[in-house]
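Structures are listed in the sections that come next.
Paired with chain B in one complex and with chain C in the other, chain A is shared by the two complexes that follow.
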Partner chain A sequence: MRRILAVALKELRQAARDPLSLAMLLGVPAMMLLLYGYALNFDVKHIALAVQDEDRTAASRTLADGFFTSGYFDRVRDVPAGTDLARLTELREASAVLVIPRGYGRELAGGRASEVQLVLDGTDALTATTLLGYAQAIVAELDGRRLRRTLVRLGGREAAAIESRPRVWYNPELQSTQFLVPGLIGFILMLTAVISTALSVVREKERGTMEQLRVTELRTAQLIVGKVLPYLGISLLATAVILLTARVLFGVAVRGSYLALFAATLLYLVGALSFGLLVSSFSDSQAMAFQVGAVSSMLPAIFLSGFIFPIRGMPHLLQYLTYAVPTRHYLIVLRGVVLKGTDLTPYGRPMLYLALYAAVVLALASVRLARREG
Partner chain B sequence: MYVLWRILVKELLQLRNDRRMIPVMIVGPLMQLLALGFAANTDVQHLPMLLVDLDRTAASRKLVDAFLGSGYFDLVGVEATQSAIEPWLVAGRAEVALVIERGYGADLAAERTTHVQIIADGTNSNSAVVGLGYANRIVAAQGSELLERRLDRLPETQRPGTTDLRPRVWYNPDLKSRWFYVPAITALTLMLLTLILPSMAVVREREIGTLEQISVTPIRPWQLILGKLLPFGLIGLVNVCLVTAAARVVFGVPFRGSFALLLLLTLPFLVAMLGLGLFASTLVSTQQQAMMTSIFLLMVPMIYLSGLIFPIENMPHAIQLATYAIPLRYYNHVIRGLYLKASGLDVLWREGLILTGFGVLNLAVASLRFRKSLD
Partner chain C sequence: MSAIEVSALTKRFRSFVAVDDLSFQVAEGSVFGLLGSNGAGKSTAIRILCGLLSATSGSVRVLGVDVLAEPERVKRMLGYMTQRFSLYEDLSVRQNLRFFGGVYGLRGQALAEREAWALEMAGLQGRQDTLTGALSGGWKQRLALACSVLHRPRVLFLDEPTGGVDPLSRRRFWALIDAMAGEGVTVLVTTHYLDEAEHCDRIALMHAGRLVALGSVPELKQVFLGRAVLEVTCPDYVAALRECEAQSFVHEASVFGSRLHLVVDDVPGVRAQVLAVLERTKNVPAAVERIVPSLEDVFIHSVEVADAAAGRQGAA
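Right, the complex of A and B next:
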C-alpha cells in the first residue's frame, strides 16, 4: 500500500511539474464540450433554397411561400429560366432549387396533377434526406388545404383523414444537442484517459528510469495501480466539470441516478486508463505510443460507438466488433441515465461488458508490463 | 541539394529503424478507412419498431404491412397494452412504437377521421426526425385513399389539382450517406500523418538533444526543415492514392473529378498542415505536450469545425466565422467537389488559392520561429 502511494505521489508530482499538460487534462474536456456542444448539431434549418419560378402566378407564389414560411428554408436567390443550376450547387450557393415550370397554375386550376421539381445537392445525404422530407410535407399540406377548401365550398362534409400523432419521448423537441452531448462526454473522457497513461510508461522507458524501477522491490501490480490512480482522480474531476458544463450551458441534466452514472464512469475510466497502459507497454517510443493510442482509441470512440453513427446501420461483422469498443456500452448507459432518467436496472448487460473490458485490458497490460520486468 | 538529400535519407533510415512505425503509418490509415468507411452511415433504415395493435382488423393490418413493407421499419415485438412500451424504449430494443387504437377499422369504414399514434425515442434525434417523416408519409398514403374515395364522388370539373413534387437528387441520387463520409477519411488520415508526426519528430530530437548537435553542423535551418518534413509529405501523398483507390474499389464511392487536380490541391494543404505541425513543435518542450497541443488544439477542432462531418450552416454565427480560418474547411470543399461533383479548377480555384496562402503563411511563420528556437 505504501509503495502504491509512493508511485501515485510520484506520478502526481510529475504531472504537477508539467502544468501545461495538467491544465489540458483538466480544462480541455470542459472547453471541448463548450465549443462543440455549441457548434455541432444536425438540426436541419436555414436550408439555402433558390427558386426558379417560370410560372409567375398566384399559385406558384403560394407554393414558394409555403416553403419559406415553414422556417426550414431561406430564400437565397430567384434565378431566371435557363440558369445553370449545376453551377449554383457546385459553388454551394444553394443546397436546393425549386423549379416551378410554366403552366403550373393553369394545370392546378384545371384539377390536374401539376409537376414541380426540387433539385437538391445530395452530397450530404443526411441533410438532403431531412430536407426532402420537409419539402414533401409542405407540398402535401398545401394540397390538403386546397382540397378541404373545395369540399367546404361544395357544402359537403369535412373529408375524413387519418391523423398521425407523433409523440417523442426523452427529447421531445428533437434537439440534436441532447443526443450529441452525452456522446461528446464519452469521446472526451476516452481521449484524455488513454492519452494520460499512454505516454507514462514509454516516457520512463525512453529516459531509462524504467530500469531503475525494475531494480526496486516494486511489484507490477503496485506499479500499475500507482500509475492509474492519480489519473483516475484527474479524470473523475474532469467528468464532474463536464457534467456541470453540460447542465449549465446545454440544459442536459442528469435525470436518473447519480450513483449509476458514477459506477459506469468509474468502470469506463479504468478500462480507458488501462488501455493507455497497454498501448504504452507495446510501444518503443512516445511517437508510436501516440499514433497507436490515437488511432485505436479516438477513432473508434467517434465512429464505432454509436456517438454519431447508429450501430444498427453497420454491416454485421462490424456490429460485432463494436462490442469491443467500451464507448459503445458507456454511451448506452450514459444516454439512458441522463436522458431517460433510469438507474442501472435496464443496463446490466452494457455494465457487464464495461467491466469485462476493463478486466481484460488491465490483465493484458499487467502481463505485458510483468514480462518487461523479467 | 546534397545536404538536403542526406537529411532526407537520414529521416527515412530512422523511420525504417523504427520498425513498427512503417506498418503503423501505412496499415493504420488503411484499417481506419475500412472500419470507418463501413461504420459511417446515417441512412435511416430498419428502425426497430414495436407494435401495439388494439384494433386487430383488416384495416389495421394493412397499415402495419405498409410500415413493414417500406423497408424503413423492422418489427421487433408485439405488445397488448400501451404501458408495456416503455421498457422496450428504455433498453433501446425498440426505437419506434406504432399504436393503433381500438375503432381504427370501424372509423375508416364509416369515413370518420381517425388517428394512429407513433411514439419515437428522441435520444437519437437524427433517426427520430427522419423516421417520423417516413411514418407520417406512410400514414398519409393510407389517408389519401380515403380522400380519393371522396373525390371520385365529385364532378370532374370541381376536383382541385394536386402538386406532384419530383425530387431530382444530384451527385448522390440514392442519398447514400457513405458517399459523404468516406471521402472525408482522405483528410483525416492526411492530418494524422502530416500534422502530428512531424511535430513529434522535431520535439523528439530536441528532447534527446540531437537538434543541438545538428545546429552546430553546416546544415542550414531550411535544409533541416525540408528534410524533416518531406518524408511525411511523401507518405501523405501515397496515402491519398491508397485511400482514393480503396474508396472506389471497396465502397463503390465514385471519383468523378480529376485525380491530378486532387493531388495538385492536396499539396498546399499538406504544406499548410506540415507548417502548422512545425509551428506547434516550437511552442512545446516535450513530446507529450506536442501530442496534446496538436490533438486538442489543432486536430480535433479542425475535424469538428471544418464541415467534414457536421454541416457548417447549422453552427452559430460566431463559430461559422471562425471556420474560415481552418484550412481543412477549404480542403473539404476540394474533396467533396472532386469526388462527387466533378468540379474543375473553374470552381475550385478559390480553394486552391486560399490553401496556397495558408501553406506559405504557416510554413513561413513556423520556419522563422523554428530558426529562433535553434539559436
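Right, the complex of A and C next:
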C-alpha cells in the first residue's frame, strides 16, 4: 500500500510539475467537445432553395410558401423559366430548386394530377436525404389539406383525415447534439485516458527509470495501481469539466442519477486506462505510444461504438466486433442516464460488458508489463 | 564466503551469444570490476545478475539466492545503478529520494534518517528542492547512487556508473564506493575505463561475451612473467608494426596511439635487437623503452590469446 502511494504521489507530482500537460488533460476534452459539438451537427436547417415558378397562380404560391413557412428552407432566389438549373447548383447558389410547371394551378383545379419538380444537389447525400424527407412531408401535408377542402366543397361535410401525431420522447426536437454529446464524452474520455497512461509508462521506459523500478521490490500490480489511480482521478475531473461544458454550451443536462453516471464512467475509465497500459507494453517510444494509442482508441470509439454510425446498419461481422468496443456499452448507459434519466437497472448487460472489458484488458496489461525481458 | 557466484552463465539472443560460459565469484565486501570494450557483454551480464534479464543457461547466486529462479527474493538485498542516471528529472532532489524510499518500503523516522544520510553522502544538503534535471552530471550520479542504496543493500551493482562524468567527480564517486565496500557492501561494477580497475580488488576481463582474464591487477600482470613489454617510438609505426611482427622474438605487437607495444622474451640485448630492425628498415630516429605493463597491455594480450584459441578451435 505504501508503495502504491509512493507511485501515485510521484505521478501526481510529475503531473503538477508540468501544468501544461495537466491543463491539456483537463482542458482539451472540453475544447474538443466545443469543437466537435458545434461542428458535428446533423440538423439540416436554412437550406438555400431557389424557386422557378412558371405557373404564377395562387396555387403555385401556396405551394412555395408551404416550403418557406416550414423553417427548413430559405428563399434565396426566384428564377425565370428556362434558367440553367445545373448552373445554380454548380455555383452553389442553391442546394435545391423547386420547379412549378406552367398549368400547375389549372390542372389541380380541373381535378387532374399535377406534378412539381424538386431538383436536389446530391453531392452531400446525407443532407440531400434529409432535405428530400422534409420536402415530401411538406408536399403531403399541403396535399392533404387541399383534398380535405375539396371534399368539404363537394360533399358539404368535414372529411376526417388520419393524422399521425408522433411524439418523440427524451429529445422532442430531435436535436443531434443531445444524441452526439454523450457519444463525444465517451470518445474523448477514451482518447485522453489511453494516451495519458500509455505516455506515462513509455516515458519511464525511455528514460530508463522503468528498469530502475524493476530492480526494486515494487510489484507490477503496485506499479499499475499506482499509475492508474492518479489518472483515474484526473480523468474523472475531466469528465466533470466535459459535463459542465455540455450543459452550458449545448444544454445537455444529466437527467439521471450522478451515482449511476459515476459508476459507469469509473468502469469505463478503468478499462480505458488499462488499455493505455497495454499499449505502453507494445511501444518503446513516446511517439509510437501516442500514435498507437490514438489510432487504436479513436477509430473503434468513432466507428464501432454507435457514436455516429448506427450499429444496426453494419455488416453482421462488424456488429459482433462492436461488443469488444467498450465505448459501445458506455454510450448505451450514458445516453440512457443523461437523456432518459434512468438509473442503472436496465443496463445490467452493458455494465457487465464494461466490467468484463476492464478485467480482461487489465489482466493482459499486467501480464505484458510483468514479463521479464528476453 | 562468496556474495556472488556465477557459473557457466550463457545468454543468447537468437543466434547472437551475448554472454558465453561466464563463471566467477565475488567475495563479500569486495569490489569486483567487470571490464571490457563496448559490446563485450558486461551490461547483459550485470542485468542477468540483477534479475532483470533471464539467462539461457548457467546459474547465478547472489547472497545464496538463486537469482534465475527467484528474482524477486534477491531484489530487497541489492542496489542497482546505471549510467543513465535513472532519476526523475522533473522531480526535485527530495522528491526523488522520498519516492525511491517509498518504493523500498521506508517510512517515517527511517525514511527521514536515510534521506538525511543520502543528502550528506551526495553532498546535496541545502539543494533538496533543486530540480534534479538542473543538476550537473556528477551530482546526478551521486544522487542516483544514493537513491539506489537507500534500503542499505548488501550487494551493489553499478553498470558503467562513471560514464560521461568529469574526472574529479569520478574520483569522488570512487571514494564513496570504497567507503561502502569498507562497510561490508559487495560491489560489482562494469566499466570500460581501465584505470578504474585499480579500485577493484579483483577484475574480470570480458571480450565478445567470454571471460578472457580473471584475478587481481597484480595477478593479471603475471601473464608477462619472463617477458618484457617494450614501447617503440618511430616515424612510421605502421611499417614498424609489420617488421616487428615478423621477428621470431616478438610475441605480440600492438598499436597504442602512434606508438607500438611489443611483448618480447625478457632476455638481455632484446632492446638492441628491436633497434637494429628499425635501423635496417630506415625507420629512424627510433626509441625503444622497457615499460611496466599496464592493464591495457594485459587486456590486449588476453584478447589476442583468446582470439587465437577461438581461431584454433574454429579450424579444428
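Here, the second predicted complex is superposed on the first by the 357 of 374 C-alpha atoms of A that agree within 3 Å, B and C clash if a C-alpha of one lies under 4 Å from a C-alpha of the other, contacts with A are read in each partner's own complex, and residues count from 1 in each chain.
The criterion applied here is as follows: a contact is a pair of C-beta atoms (placed from the backbone, for glycine too) under 8 Å apart; a residue touches a chain by one contact, two chains touch by 3 or more.
Predicted model only: the values in this text are computed from it and were never measured.
When the two structures are aligned on the shared chain, A:6 is found in touch with chain C, with no touch to chain B.
Comparing chain C and chain B on the residues of chain A they touch gives the larger count to B. Once the two complexes are laid over each other on the shared chain, residue contacts for A:92 go to chain B alone; chain C is not touched.
Once chain A of one complex is fitted onto chain A of the other, the partner contacts of A:113 are limited to chain B, with no touch recorded for chain C. In the superposition on chain A, A:18 makes contact with both chain B and chain C.
When both complexes are overlaid on chain A, the residue A:213 reaches chain C alone and has no touch with chain B.
When the shared chain is aligned, no partner comes close enough to touch A:80: not chain B, not chain C. Comparing the two interfaces of chain A, the one with chain B and the one with chain C have residues 18 in common. Contact residues on chain A toward chain B in their complex (touch as defined above): 18, 20-21, 24, 28, 32, 35-36, 38-48, 63, 86-87, 89-92, 95, 107-130, 132-137, 139-140, 142-143, 146-147, 149-151, 154, 156, 158-176, 178-179, 191, 195, 199, 203, 283-288, 290-292, 294-295, 298-300, 303-304, 308-310, 312-315, 318, 321, 332, 335-336, 339-340, 342, 346-347.
Residues 2-3, 5-7, 9-10, 13-14, 17-18, 207-209, 211-218, 372-374 of chain A touch chain C in their complex.
Across the interface of their complex, chain A is touched by residues 18, 20-21, 24-25, 28, 31-32, 35-36, 38-48, 87, 89-92, 107-108, 111-130, 132-137, 139-140, 142-143, 146-147, 150-151, 154, 156-173, 175-177, 179-180, 188, 192, 196-197, 200-201, 204, 284, 286-289, 291-293, 295-296, 300-301, 304-305, 309-311, 313-316, 319, 333, 336-337, 340-341, 343, 347 of chain B.
Those residues of chain C lying in contact with chain A across their complex are 11, 13, 50-54, 71-72, 75-76, 78-80, 82, 84-91, 95, 98-105, 107, 148.
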